[in-house]
Structure formats: C-alpha cells, structure tokens
C-alpha cells in the first residue's frame, strides 16, 4: 500500500459541554496542525498516489472554511461538541466528498479498470503532547 | 476508526545480555518519549474516544512506576532484557489492565450496547533516529 | 553561557483589532507550545542552572492562569491585542516576577557572591510554521 | 504486533515528465529523511524485533547507493518518474531483498518454528509538510 | 528583544567543486526548510513585530525564485558553490532588500521616531541532522 | 554571522547527589540528542563554515567516548553531578580541544589573515520537554 501525506493548519475558538471536559468547558481555542494521508494499492497513470498540488489545495480550502472561526457560532455545529475527534471526522468527510466530486483529479476515482484512492486518514495535532485522528475507506457514497 | 494519542516520558538505566547488543551490554540508559494511542470505531456518550485527562493521568502513573529506575534491579525484570520492544509491551499490558479495571472511565469499556476502546498502540521514541512500539486489541483479559 | 529549557502549553481564544490582522479579527484561538529558556554564566551551588522541577512547576502555574480562557474577556487585557508577541512578553514578566520573589529557589537570585539567572527567553510556538518570542535580562525590578 | 523504526537520509537530484508535475518538471532535488519500520508478531530469540545495528547499517548502505546522485542519469530509472512514492517502493524492495538474503540476521527470516519479520514500511519525509510511504508484507519472493 | 519566525521550504539541484565536498561534488539536490526570524526591541504601531502575512508572502516569493531549479545553471551563481551557508546569506540579502524597499510594510522600517526591524536570521534545515544559518543586522544599505 | 549545526546522540546511566534532584538521585539514565553549532563571521576558503563531514565525525567520536556508559563509574567524573548542563560543557570543551588540535581542518583555526571558528554551542536535548546547552567563544586555550 502506498501513502502520501500533506500538512496544513487552522486556528479556532470553541467551548465544550459536559463535566468530562473540565476547564475546557470555558471558551478557549486551539491550533490544529492537520495531516491528510491518502492511500492506494497501485499508483495512478502518472505514477503517483495523487496530484500533491491538488491535495494541498483542497486541504487548504477545507481548512479555510473553518479557520479563524468561533465554532460555537457555526449553525451546523449547534449542540455538538466540536472535539478534536469530531473535527478529524468532519474534515475526513468534507475531503472525501471533494474527492468523490473529482476535486483530486480523475485518477483519484475508482473505475472498472483501476482502483483510485482507497483509504484516507485525517490527523489533528493539537499540541506537542496530544493528537486525534479519523480514518476510513474511500470512496464514500455521495449523497444524491 | 478514531484514535487519540497522548505523550509523556520516562528515564531509566539498564544493561543487556547477548552479543547482539554490542556496547549496549554495558550499563547505560535512555529517555523514552512515550506515545499512547487509543482507538475505537465509534465515539463514546460524551462524543470523545476517551477522557484525555484520565488517559494522561494513567499514562503518567504507569511511567512514574518505571521512571528514575535501574531496571536491572527491578525483581520483576530479573533475567529479562528490558529492550525498547519489551518495555513497549509492558506498558501496553499495564495500561490495558488499568482500562479493564475502569481506570479510563466507564465509556472506555465495551458493553452489550456499545463497544469501548478496541485497539491500543504504545510507542517508545528513544532518540531522533529510533523508536519501537507494540500494538494490540482491547480489551485484554483481566487475570482473575 | 549555560541555558536550560522547559516546555509546556496552553490553549486560548481571542480576537484582534486592526486591518493588519485580516481574518484573525474574528474570534478564533490557538495552542501555544511554550519554551522557557533560562541562562546564566556559572552554575549554581548544586551544579545546575536552575531547579528544573521548580521551573517546570512555575511555568505550569503561569500558563494555568491563561489556559482555557477567552482572552478578550480578561479585564487586564482590555483594549490590547493579545498577539503572540504580547503573550510572550507577558509570560516573561510573570515568570521574572516569580523568580524575583524566590519562586525558582535562592540560587536563581544574584547575591554579592554569585550571579543568579541572567537572561530569559520565552517562545510561543503557535503552529508548525510560526512562532514568536521575547527575551531580556534578569533580574527585573520588583515593583514595590 | 511489535515494530521497530530506524531513520537515515539521502539527497538526490531529478526531474519529472508529465504536466501534473508543474514546475517539478525542471531539474531540482530533495532531501529524503527515511523511516524504515519493521514489524513482527513475536520477538526473536534475542527478545528483539531485529538487530537494530544491522537494520541501521543495511538502510545506510541502500541509501548510499542513491545518495548524491542525479537519478535522471541512473540507467535503471530510464523513462521512469522517480517520485517519492516510487522511491519508497524501490527502497522497500531493496531492503526486502537484503532481508531475504540474510542481511538482517537469521532471526529476521521465517522458519517452520517461528515467523520472522512480517511487515515493512518505508517512509520518505521530503519536507515539513509532505511525505510518502510504501508498506507491504514480508518475506518477498527472491527472484531466482 | 522580540522575535517572530515563519517557515517555508524549497527544493533544488546543485553540485559542488572542491575535494572537501566528497561525493557532494556529484549532481545531487536538497529540500531546504527555511526559517525566517525577524527581531526588534519594541513592537510596531499595531503591537506586532511584523505583519506575519506579509512576511510569509515575501518569504514564499523569494523561495519561489529558487524553487525547482538546478542552481548550477543559474547565471548569477556561476563559479560559486551554492552551499547551505551561501544560500542562507543569499536569502538573507534578498529578504533584507525587500524589507528596505517597503515589502514588509512601513512599520518594518526605522524612522527618526521609532526603530523598525533590527535583526534577521535565515536558517536552512537540510535534513534531520544538519542545518545552517546566516544572521545580521537590519537595515542593510540599499544599493543605489 | 554564519552557523552550521550537526546532530547525533548518546545514551548513558548516572545518578545525582543532592536533595534538589529528588527521584533523580536514584540510578537512572538518558538519551541525549546533541546539537553541535559552529559559528564564524566569514566563510572559509572553501566557502563553508566548516567541513561538515569532519564536524560530524568529531562529534560522533566524542559522543562514542561517553556512549553506553554508567557515568558514575567514570573516574574523571568522581564526585561530580553529571547533569545535562555539566555534560553540555564537557562536550564543548572536548570538541574545542579537537578544533584547536586541527581536528576540524586548518580553515577552522584563526590565522593572522583570517579568523576561524569563533563561537560554539552544544545543546543536549534530553526529552520532548527539556534541554540544556553551553556556549562560548573559540578558540579555547590548549593546555600545554
């Protein structure tokens, strides 16, 4: 299995509900340094896992949608704890949808002739001592 | 699959028996920067993989039991080479026992309704050029 | 010149005023991984720069006072941009006051017989691509 | 599963063919910091995954064969894009052949009595924001 | 003294002349992860060392001029060994010229009322075990 | 000012005397990842700060003399606490003596025509949260 990883970051404010979060129930924030890892069994027609330029751009765009936000005020997250785990999965799903829509190029998609990207892992490094990740298989079903 | 990782460290002295170890047969020592990674398919009732505060505390306590020790003098390790691999598994088993005993909270345990923590990996980084790890499934059977 | 460095972190929310800050004018947040570096020409009576246990504890306490806070709501920072630079100096001054008050032990202080800690640098790492620091000489005058 | 990782690096020049590579179609170069991870279910007779001294030496020798080269001029790579993914697999195959030939010692090989090394991952870190890897099972068949 | 650091990278091919360079006399290449550190005694009118967005952009532009190049073919470097040290100084001078030309904004420049940026350090990290840097005072004289 | 840094590591056992050391009074050990930084105002005749191959070799040799040792049993350290600070200075002095003896080549030495290496810093990283260093000017006087 081949893998390629690109890294970027975003910075947000949020607060959590639930005793388990202790002082993190207060409004605070985090820098998340994000690793996006894409995997496939065989290289594509260009001899690569993915167009790394496109992967970098798609990751940047998805993080830009979250960057410099107070997540408590984002309607979509109403009533949810935007934990590191939750955000790892959210970014996984958003990037997966971009892939399914062709955002990483045609070779990223499976065809009858050749499999495309098969696995993805999104890791959010939140400090020098803690990180969380979500990984799953591709493609994800495109709602429609 | 979700994962959460916390990091801490400990510092020990030891020596090895066996020609394969070369100069490491002499009394020497190491700093081990330890990564404890916990994985599960679904988040718990609080929307997290694990109470990261408890995970940090349990890791610290288990490392404190080894920290600032000459492992050659620990009766439990008599006649064993306390290699990085051996220590990775030892810490895996000790933390797994803590989890089974409820040390990471009730949501870390599997119930008929919901799976708890399912996999764990313990990595010991011993320098900028070498590390070793042990990973396995949870829960481990509690001796009794 | 000798130096010793200890590392810890804190996580806050804040927003900035001023066009130069662009989207960072919105409420957002950051993880700051903090390096506290202490320097002196000669080692103390124990043969060390500083009691590293005390240094770690004082840094943790000073960061705890900021950790999991919305800095926009802290009265002391009213009307100030709590930039990384600003926070680096703030922590410098708070730790310097602790040192002057004996918080790092008697050997950290200069006497007619021997100089104590002479320089300090506080670095706030805010992502994998950016950090800021403030450094200055010790001791600082204790307001009185 | 146990794992051990050793790290080294090499520096090469090359160019790529194909529009997808953009400016990387020009002659350029890279430092690759290489992680070689070896895995097995049970430790060997010495209580280790592998003789880390031999693993370090074999990795160094294989990287030396590539180090300080213009890969465009290496006959073996004629007409191939020596992408990070390609090089990760190349090093995987070369080290796997060394293992099969006994280069990591007898305990690295499977016998009717005990399995040897079972999995290997080669990661090439090419910058602070990108890496690629290839992983597969061992032993690989020795051409003969 | 305050400092701010931003990081980016570039990838080049080159070769060296001189026995001291050993196998690096052959055409090879490197990834350079570049740290640009800017220092001043007092913060500017916005309460910062420098507009970090502008600093990031200027660094990216200067590295883009070198990125994906064979430095042996750049007329400006004819007859020069483009060592890591040489490149650190080259980037120092190019960024210093951009600052002097107003590229980091008006507050980066000294005026009769207030000093601007006073020191700069450029570090090129070429592997996990080696880096080189050049530092000097600002402003540099603008030729003309 | 130019600087070049090379990195290596060593692993030792030791114990400390003095209440300030707490549990580190027990026999324990450490991995020290060592950074050797050499500085000079002008590059040498080859256009470099130092022959990086020689610097790497000298550092490796000096660390080998300490590696895999119980420092409590080294006669030279009898009655001394081999703290991280102490070891940083020890390595500084040993490398400085090697430089003075020509071990880093003729261009590392000052002549009436040109200054050689002017400053050196030795940093011992002992964990992901602590390091110590010693820096001073070159050349040091060769005892004779």
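Read from first to last, the chains carry the letters A, B, C, D, E and F; within each, the first residue is number 1.
Following the convention adopted for this analysis, a residue touches a chain if its C-beta (ideal position, glycine included) is under 8 Å from a C-beta of that chain, and two chains touch if they have at least 3 such contacts.
Since the model is a prediction, treat every value here as computed from it, not as a measurement.
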Pair in D-E, A-C or C-E that repeats C-F, with over half of contact pairs matching by residue number
C-E
Over half shared numbers or under half: where do the identical copies chain C and chain F land at their interface, same or different?
different
So how far apart, in whole Å, are chain B and chain F when each is placed at the average of its C-alpha atoms?
33
Between chain A and chain B, what distance separates the C-alpha centroids? Give it in angstrom.
28
Interface hub residues of chain A, defined as touching at least two other chains:
7, 128-129
Sites on chain C touched by chain A in the complex:
7, 9, 11-14, 23-24, 26-33, 67-70, 73, 125-129
For chain E, which residues are in contact with chain F within the complex?
18, 20-22, 80-81, 83-86, 88-89, 128-136
Going by the contact rule set out above, which residues of chain B touch chain A in the complex?
1-8, 43, 46-49, 51-53, 56, 105
